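One chain, chain A, appears in both complexes that follow, with chain B as partner in the first and chain C in the second.
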Partner chain A sequence: MDERTSWMRWLTDLDRRYIFVLVALAVIIPIVLKKVLPVNISPSVKSSYDFVNQLPEGSAVMIVLDYDPASEAELYPMTLALYRHCFDRKLRVLSYTMWPNGAALIETAFDKMRLEYEGIQSGINYVNYGYQVGGALSIIAAGQDIRTAFPTDYRGNSTGIMPVLEGINSLADIDYVIDLAAGSTIDWWVAYGVQRYHFTLGAGCTAVSATQYYPYLNTGQINGLIGGLKGAAEYEQLAGHPDRGLAGMTAQSSVHAVVIVLVVLANIFYFISRRKR
Partner chain B sequence: MEIITTAQAIGMIIAGALTLMMYSFLYRDNVFYKFGEHLYVGVSVGYLVNIEWWNVLYPQFVVPFYYQQNYILIFPALLGVMMLMRFIRQIAWMSRTPMAFVIGIGSGLAIPAVLNANILEQLYSTVIQLWITPVEPSTFLWWWGTLGLWIVFLGVLSVLFYFYFSIEHKGIVGKLGTVGIWFIMISFGASFGYTVMARVSLLIGRVQFLIYKVPDAFKTLVGLGT
Partner chain C sequence: MQLLRKHLPIAVAFIMGVLLFFQFYIPTRASSTFLENVTQWDRIIAGFALLLGIYSLLNHHFHKLRRRVPGWGFSVIVYAGFFAMMLAGFIWGIRNDPPISFTPLISGLVAGADDAVQYEQFVTSGLEAVPPEEVSPTVQSLYEVIEGLVPNDAVLFVVDYGQTDEADLYPITLVLLRQCFRKELRVLGVSLVEEGEPFLEQALSTVAPEFDAQYGADYVNLGFKEGNEQVIVSAGRSLTDAFPTDFEGTPTSGMTVLEDLESLRDLNYLIEVAGGTEIDPWINWWITNDGSAMYRISIGLTTLADLDPAYRPSYGEPYQVQESKPFMWMYDNLFVPMQATMFSILAFYIASAAYRAFRARTKEATVLLITAILVMLGRVPLGTLLIRYWSDGHWVPVMGLSGDQEFLSWFTEWILNVPSMAAQRGIMIGIGLGMISTALRIIFGIERTYMGGGD
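Entry: the complex of A and B
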């Protein structure tokens, strides 16, 4: 066995745990070093940002958190970036979730906002409707009469006389709805929400499902799409609130570099070994 | 550093330990991983039952039925109970009625809405809109946008031809089918790239938690934090 063959055999038989270590190092080192690189802004994220940015003070934005802690890494930075942008612009924020484990995430995010933005209050500047059962039916119900659909907030307070809902009777009265989804709820918002009640819809999703929603963007059924951690980082950069999204993108880039190098190397060795056979 | 209560700090340390237990599977299957896995399933179910009771059943059935005498709610509640009869073989037939109700309502709502949103709207954008009206002063943008629309049109047409099996894939049909394969491969590539990004993002989230949050929790517990 010549030297080249033994070296190649060692590489092709490499224990995959070495690759796990390599990926772990590619993630840990940039996070420990706290190196933050700027990201390129994509038009789909920019259009969502621009739409929120042009809304006049007091406009109502519904941010729907259709995810649970399993997708928190990608969608929670997006949530915080959107909340911060809305509170910077003095907009009213309405939130709910169709995922049972999502309600506590909304409350945690609003708790964080209360610490960052002095004076904002539940029922006046924002409302957390919590978990709402029914899936697509909750969209239709909110489109008919939002107070009947969501009579109480997360803490059981009646939403009937909340100042934050002044002038809002249904989804059609909301200036912008944005669904941050780990599942297929964006499809429901397009089919049962936009088509029936004619409001402007934006979407944020995990990177896995981003390709699935680009067709909606091209047809104008959604006006913007924030995809995965990169989308969150872009929104953070646009809104001027760098946080976990941007901090994670350097690690993301370094892992991508590792994956690219490994894919190229594996292909080279595959073709060399095939030629030898 | 964020304000962390003692209870939160304990929770975060447990979460950190459980994260490490789950990642220990990458080395090999072990008792710590199994413990974490079983605990996750158990806690998830317990939490879900609790949420469903306090957020759905109690406010939407118990309160209006018991305290506000809204007795009509007995009908949906009965339908719900009948659905559960599926688990008892002798009376499993009772679940057919609520099932038929759900399928009927679901189909009635879904068919026109989904047909319009996912087929007609998409079809219109793909086939009818093949030119961008030049509103921008930049000719390049106009050409670029129009080229994009034609590529999408060609992609849809060629992929449809690839999946059309009533004609033998020879000549122009065969060539179009081959172009369709290329479009499918490019689509799979984009999906794979995004999937890698998504999975790495989850790892990044956990690493950020372990590096930033868990040490803060320890500091809080030993009295060094806020």
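Entry: the complex of A and C
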């Protein structure tokens, strides 16, 4: 085996730890440099933003956080961008989760909003219903009667007389519902929510699952789709609140570039070694 | 026994399946109530699934521990983590108390001539008038707080300086009043030092006519009030008790400008223009007794440059303090980072797997490879900067050229909206048909695996 062939074999079977180091550097360096690149706005994100933007003051928006900390990196920036847009527009916000580990994330996000938007109060400007058991059944229950379905909020306060719910008896009375999902809950919202109770639905999801929901977008069953960290960054840019989404896109750009370079190099080595044989 | 184990579950599945099927097509009140009740029952049953899940987890790891299977140490960690979080939740609760908000004592500070000049530039020409590197954050903060107020908000405008400081503070008094009247705020002028009253009156009578502000409706001069901190304490209880008449002796009760204002708590902001040490007694009282927290109102202070060090420590932005319960501490500091780490590891494995396995061995694999690279580039800002697409059909692979649309962005959207969506739609239709046939099989008792026992 000549020296050139052994080099080629070494490159083809490159120890994965070198790749791990490259990926780590591609993430860390842009974060340390704090360089932010503007993102292109996709029609599906613009559509959700425009819908929220045209809602009159006092309209009710339900933002459902169907994820847990595993997907926090992608979906939490999206949550904050939506909350900020809603509170900027003085809309009422209702939130809950079908994931047991997601309830505390909602409360953390609202705590942050209370600091940013002086004067907003639980029960008046927003309500956190916390975790609701039953998955798709919680959608049907809220569609029938929201107070019976969610009788108390996250802290155990009765929702019956909360001013934030004035004029809202079921999902049909909510102006916009957005499901931010790490699993398959968007399918449930379409099948058990929109088809039965006829409200406008938007969706946000992790980048890896975004392709599943384009058929719903195409048929109008959802009016917008915010996909992955890029979707969050686009929404932040539109709403004028740059935060973790936009900051993370530079790191994501460099990791994508590293993976592409690796794949191209691997194929070059593959063709060279195949020609030799 | 056969009845309970076999016939009854099949009968229940059949009856409930048929009833809920027809319920969807019968929009009567009775049908709706039936669905509501069934849903509530279903959610109660679903709650027990969580308990079954916990039992299953503990049972699985108990057997691993008992048999000392390889990796049994991880089962010990599962038990330790489970009971630590459960006990912390039961003993101290699972929810943090709501955070306590603190209002800073001074939310804006203009100290000295340089700050005053900068403030005047802000008011006359906006924030852009001053280069960002020269902007004083405390001056900007005062400007932004007042700009953030909405028409009809009420400000207490306190003028506390005498003839000695007139040259330094009278011009900024006029600037602040102009900003308040331009924003259509209600201005309640007052002076806690006797020498301040003439300057307050002169400033109000100069600025108010410029904005057609009406006395008694848009502003009022409450004049000099003796008593320093006692005036504040009294105004904290009732504004009309603290200021029963204006500077000319006219009763304040019934004045439109004081409508719906009972005490200091109802005011939106307190602007203090102060010189020398005249302000010390009451502002020291305010600082010592945390007047901002007591009355939920912070101060915008304008003073002399040499007093800057005395009051700058009290400047700050609103903040919150929240005490973390042990359960939430573990959730925030252990559970969240560990779950996020597990998901993040995917990026490393995907990169490694792509390097090893993503090869253009066949024509199909080559198409997939090229598409994947283009979509990966199109989903990030770096890629969209690389190739731009012009509406006449040409695409230009040069960074930075202006064009109608970024080619990669357009191509990514097309891939997702056309070929990928067509495939997804096929999968969804297949899943839908599968769900219908499975549901029918369960309703008619053909599918019985849900009963267990391999029947």
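To be clear about the criterion, the second predicted complex is superposed on the first by the 272 of 277 C-alpha atoms of A that agree within 3 Å, B and C clash if a C-alpha of one lies under 4 Å from a C-alpha of the other, contacts with A are read in each partner's own complex, and residues count from 1 in each chain.
Everything that follows uses one rule, which is that contacts are C-beta pairs under 8 Å (C-beta built on N, C-alpha and C of every residue); 3 or more make two chains touch, one makes a residue touch a chain.
Everything quoted here is computed from the prediction, not taken from an experiment.
Participant: In the overlay, answer first, second, both or neither for which of chain B and chain C A:Ala141 touches.
Facilitator: second
Participant: For A:Val190, select first, second, both or neither according to whether it touches chain B, chain C, the two together, or no partner.
Facilitator: After superposing on A, A:Val190 lies in contact with chain B but is clear of chain C.
Participant: Would you check which partner chain A:Thr211 touches, where first means chain B only, second means chain C only, and both and neither mean what they say?
Facilitator: both
Participant: Thinking of the overlay built on chain A, is A:Val23 touched by chain B (first), by chain C (second), by both, or by neither?
Facilitator: In the superposition, A:Val23 touches chain B and chain C alike.
Participant: Once chain A of both complexes is superposed, is A:Leu14 in touch with chain B (first), chain C (second), both, or neither?
Facilitator: The answer is second: A:Leu14 touches chain C but not chain B.
Participant: Touch test for A:Tyr270: chain B only (first), chain C only (second), both, or neither?
Facilitator: A:Tyr270 contacts chain C only, not chain B.
Participant: Once the shared chain is lined up, is A:Glu118 touching chain B (first), chain C (second), both, or neither of them?
Facilitator: In the superposition, A:Glu118 touches chain C alone.
Participant: So in the superposed three-chain picture, is A:Asn40 touching just chain B, just chain C, both, or none of them (first/second/both/neither)?
Facilitator: A:Asn40: touches chain C, not chain B.
Participant: Determine where on chain A the residues touched by chain B overlap those touched by chain C, and list them.
Facilitator: Common interface on chain A, chain B vs chain C: 20, 23-24, 27, 72-73, 100-101, 115, 133, 137, 140, 196, 207, 210-211, 215, 218, 228, 230, 252, 255-256, 259.
Participant: Which chain A residues qualify as touching chain B in the complex?
Facilitator: 17, 20, 23-24, 27-28, 31-32, 72-74, 100-101, 103, 112, 115, 130-131, 133, 136-137, 140, 152, 156, 187, 190-192, 194-196, 206-208, 210-211, 215, 218-221, 227-230, 244, 247-248, 251-252, 255-256, 259
Participant: Spell out the part of chain B that touches chain A in their complex, as residue ranges.
Facilitator: 2-3, 26-27, 44, 47-48, 51-52, 55-56, 59-60, 109-110, 113-114, 116-118, 121-122, 124-125, 152, 187, 190-191, 194-198, 200-208, 211
Participant: Which residues of chain A touch chain C in their complex?
Facilitator: Residues 14, 16, 19-20, 22-24, 27, 37-40, 42-43, 68-73, 100-101, 104, 107-108, 111, 114-115, 118, 122, 133-135, 137-138, 140-141, 144-145, 148-149, 154-155, 196, 207, 210-212, 214-215, 218, 228, 230, 249-250, 252-260, 262-267, 270.
Participant: Tell me, which parts of chain C touch chain A in their complex?
Facilitator: So the residues of chain C in touch with chain A come to 24, 32, 35-36, 39-40, 42-43, 46-47, 50, 95-96, 98-99, 101, 318-320, 322, 328, 331-332, 335-337, 339-340, 342-344, 347-348, 350-352, 354-356, 358-360, 369, 372-373, 376-377, 379-385, 406, 409, 413, 416-417, 420-421, 424-425, 428.
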